[in-house]
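Next, two complexes with chain A in common: one pairs it with chain B, the other with chain C.
Here is the complex of A and B:
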């Protein structure tokens, strides 16, 4: 059933409810803990798994085609800028991987308005924000240039 | 379950962005850059931190020119997309995306997206001619951060159900309405300009996995066709809606194949260990003529070879991963490809004891999808940029649709194949800039809403809740009810119709005029039944409106498929009654416009202009 929640670990904080793009992690009224209300609309995107402070959410592959006995666990270390994966095979083999996720501190991206404002008539030009500098070439390519190249 | 309060909330803006995926986030950033005083409101049905097709993250950016290193020119990308689409793309829009896309990608890197580098050249590590490799687990949160910082307000968990036009000018947009999936309020957004960036469509066709596994669709299950379902009923001109896409993917997990074919140099074989594509070349040439000679071999034609090979009894088809993972680095890249963007495929490997270093994996052609930013280009007919577009492709503002003040980006826009994540963000930026310029030009003139219409829509929006409540009183329990069907029951009906009549997997993608007409009859009745959808709670109300958008989109897909009397893209779908490509009559875009007053559909051929040799 794609994601499922460990009854003893979940404290009902709602982080998974807040993040799930499919709106299928809900808090059960009776137990006050989260569960997947619509497993056949779960993409196994792991967004909720990564967001859970208690590591209470796990995934069991889709019953249509995934034999039992596997595990895919993840720890997303936002501060450290890394994501760690542990793959457990049905036959017990394991693999581990770690990948970088970001090179700058979280929250460090400036709003577009923090950059110098464009001139009053610049909006009529075909250039987008930060161009041509951000293109890292001299000027925005034009149709004439392209057609001349043949 | 939360009860709907149905209180009405009004929100005004200069630029209203519907959908905070790649297109929407690009639009918010760009609009904020060009007009420091504009009020920019971004509305999203989920949470922009992890919404849309990139919720997992991605392992590659599939559209990057590398102009700073002289790697590609934008017009070469136009030629590539044109070849892959067997001749038909909006070359003005494609060129425009391609000439700007590098600045988008450079910005991503500056913001903190880790882009892999080639150790020898120091350039971005290429997966293929157009693709670069990234460590993209946090691709979406990074892009969302820039949008959130820039937008005036971001509303998460609001499902937009309808666009609304101006009270006094039926050709002008005035805003959109929807409901809070958490608070049950009725939201009315009034805006000078509106950008639709609500993404493409899964679950139009019955998926191969119909149980739990139906969630493991290739495009996200939440890609609900809203981009098209919002536009079509309003009377916006659509194009190439028949150009659905079938994807060759790792079986069941739908893991992408790009990195395996291009970077890791793996290849596909039939069950006998034969490379099968060359065997089908002559038959393909018989169907599509010289388009078969193009390099790289078009995506749909590769599907076709695989489908024929399976029909000939030589399946399963295998990706021979075990031949290529000979270093730790390659093994890591192979796994990261899936862990970054399709974790479900790693789950399949673990559950089936498949170690890609030792075992091959099955490949399969998926069910069809409808979208506009991949190897396909369904969507709305849009105005192009003034300095590029021929006259009949340009009416005022870049990326404006056929209604004044209404713009689109990403999957929304028709004709712009192969934009992918970076192209969609770029197109969002183009739309954001245009929308803010348009809003500025409209300074004195505010759009007006028709109060009666807004009240009428409110009734329509919440009707599925009433249907459920009233209908349920008549039966003891359960969801078998003569008064309503649930959104899921409706979805299953839709998927069955599309699968069986409009070229899904059960007929191996074959349809014809008779089947399409029969499909339209069935869709007509389903459309009537949309009035009788019963939703138990706000979550189901969201599903009800997702179904509504999918049904409108499906009707459009079916009408376009009926209109184009040829088989342009074997491997995506086949018109059994017109089995070959017919350039003499169909080297054109298909266009459709629904008339909301009469309920009639107007179909037309739209010109294909080639800007490059």
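Here is the complex of A and C:
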């Protein structure tokens, strides 16, 4: 079920290019609009569909296994912290589902580049990047402490 | 220098009829190029097919009055304020290009047809508007070309790498840039240099208007139509989006706001 872009709605902002985990959303060199360069490598994560500000991206089911005439549309409501899905069935029925997606305000989680860059000695630390602050705790137990306790 | 009609001063070596005929030819080139573009890419056929499908799917068919209201909203937002863009920098750059081009185009037509010779004294406002329009195009276009192009910002292309999609903005910016250079050189009085720079200016302007089938020039016509259709689909409920999405854009992700 690869994504495809409605060229008349796309404004070429590049959000999908940034977010695609497969790096298959690219910019067309003639129209400067987004398009999927490798539909067979798309794993239908819907990241680009949800992030497109113009609702210009849709996901098309392969005719050999996806029910003909079905549709799956999505709208991510960042301010409300919800995601809305519309499922269209082959017989014309449509159902809408709404799910909460987060409990904190949109944009309140710092991006990776907003954290302090690790120093050269941090490679010897058993902690992962941005720990423990990103976990919102003061400290993590270390191997040495655990051995001393044991 | 910037308050005198540069086209009137051309009469030293060109008949006023040259520019008057040239403008008509360029209007015809844009019309022919747009029609060819629509037929060759079948975009008009696609658009009409989509419109029919949209009308067939409409949950709330729109009356004439509602369609007129939608057209007014499209004019007020997408056309006059470039409100379609989710990126404010791109919106400002587009506004500079849009209004700069309008000022440049209207003042050119007025100066060429209403004040074709040095004898017909041109009010100073028209050359000033011509220069202001050209400057707005250079600023808006330069900003877009070097800092806002999506293939440069998101795909990390070099700012100096040219792709076919750049044909419109590059020919537009270069033509007005050489227009100003020609105006300055002409004011200094060198006839040969004036003729050479005027030739470059006309060449680049011709490229801008003749390259319509291969450039993005035609977006001036089809983008408003597409924006209107999108609004119609939104209001009539034929776009299949969840109810909560009606009339809303999604917000740019915090990590994706580099432009």
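Going forward, the second predicted complex is superposed on the first by the 102 of 150 C-alpha atoms of A that agree within 3 Å, B and C clash if a C-alpha of one lies under 4 Å from a C-alpha of the other, contacts with A are read in each partner's own complex, and residues count from 1 in each chain.
To be clear about the criterion, contacts are C-beta pairs under 8 Å (C-beta built on N, C-alpha and C of every residue); 3 or more make two chains touch, one makes a residue touch a chain.
As the structure is a computational prediction, the values presented were derived from the model and not from experiment.
S.K.: Answer with first, second, both or neither: which of chain B and chain C does A:126 touch in the superposed model?
M.R.: Only chain B; A:126 stays clear of chain C.
S.K.: For A:76, using the defined touch cut-off, is the partner it touches chain B, chain C, both, or neither? Pick first, second, both or neither.
M.R.: A:76 sits against chain B and chain C alike.
S.K.: With the two complexes superposed on chain A, say which partner A:111 touches: chain B (first), chain C (second), both, or neither.
M.R.: both
S.K.: Check whether A:8 is in contact with chain B, with chain C, with both or with neither, and answer first, second, both or neither.
M.R.: In the superposition, A:8 contacts chain C only.
S.K.: By residue count, is chain A touched more by chain B or by chain C?
M.R.: Of chain B and chain C, the partner in contact with more residues of chain A is B.
S.K.: Let me test your reading of the model: by the given contact rule, A:52 touches which partner, first (chain B), second (chain C), both or neither?
M.R.: After superposition on chain A, A:52 lies in contact with chain C alone.
S.K.: Would you mind listing the overlap between the chain B footprint and the chain C footprint on chain A?
M.R.: Touching chain B in the first complex and chain C in the second, residues 18-19, 26, 71, 74, 76, 85, 88, 106-107, 109, 111-113 of chain A appear in both lists.
S.K.: Quick check on the complex: what are the chain B residues that touch chain A?
M.R.: Interface residues on chain B, with respect to chain A: 29-30, 32-36, 45-47, 49-52, 55-56, 67-68, 73-75, 95, 99-100, 102-103, 106-107, 111-114, 135, 137-138, 142, 145-146, 149-150, 157, 181, 209-217, 220-222, 252, 332, 335-336, 339-340, 343-344, 346-353, 355, 385-388, 426, 429-430, 433, 436-437, 440, 539, 542, 611-613.
S.K.: Which residues of chain C touch chain A in the complex?
M.R.: Residue positions touching the partner: 47, 50, 84-87, 90, 149-151, 153-155, 163-165, 216, 222, 226, 229-230, 239-245, 248-256, 258-259.
S.K.: Touching residues of chain A toward chain B in the complex: what are they?
M.R.: 1-2, 18-24, 26, 37-47, 59, 61-72, 74, 76, 83, 85, 87-91, 93, 95, 97, 99-113, 115, 117-118, 122-124, 126, 128-132, 134-137, 140-143, 146-147, 149-150
S.K.: Within the complex, which stretch of chain A touches chain C?
M.R.: Answer in residue numbers: 8-9, 11-15, 17-19, 26-32, 50-55, 71, 73-80, 82, 84-86, 88, 96, 98, 106-107, 109, 111-113.
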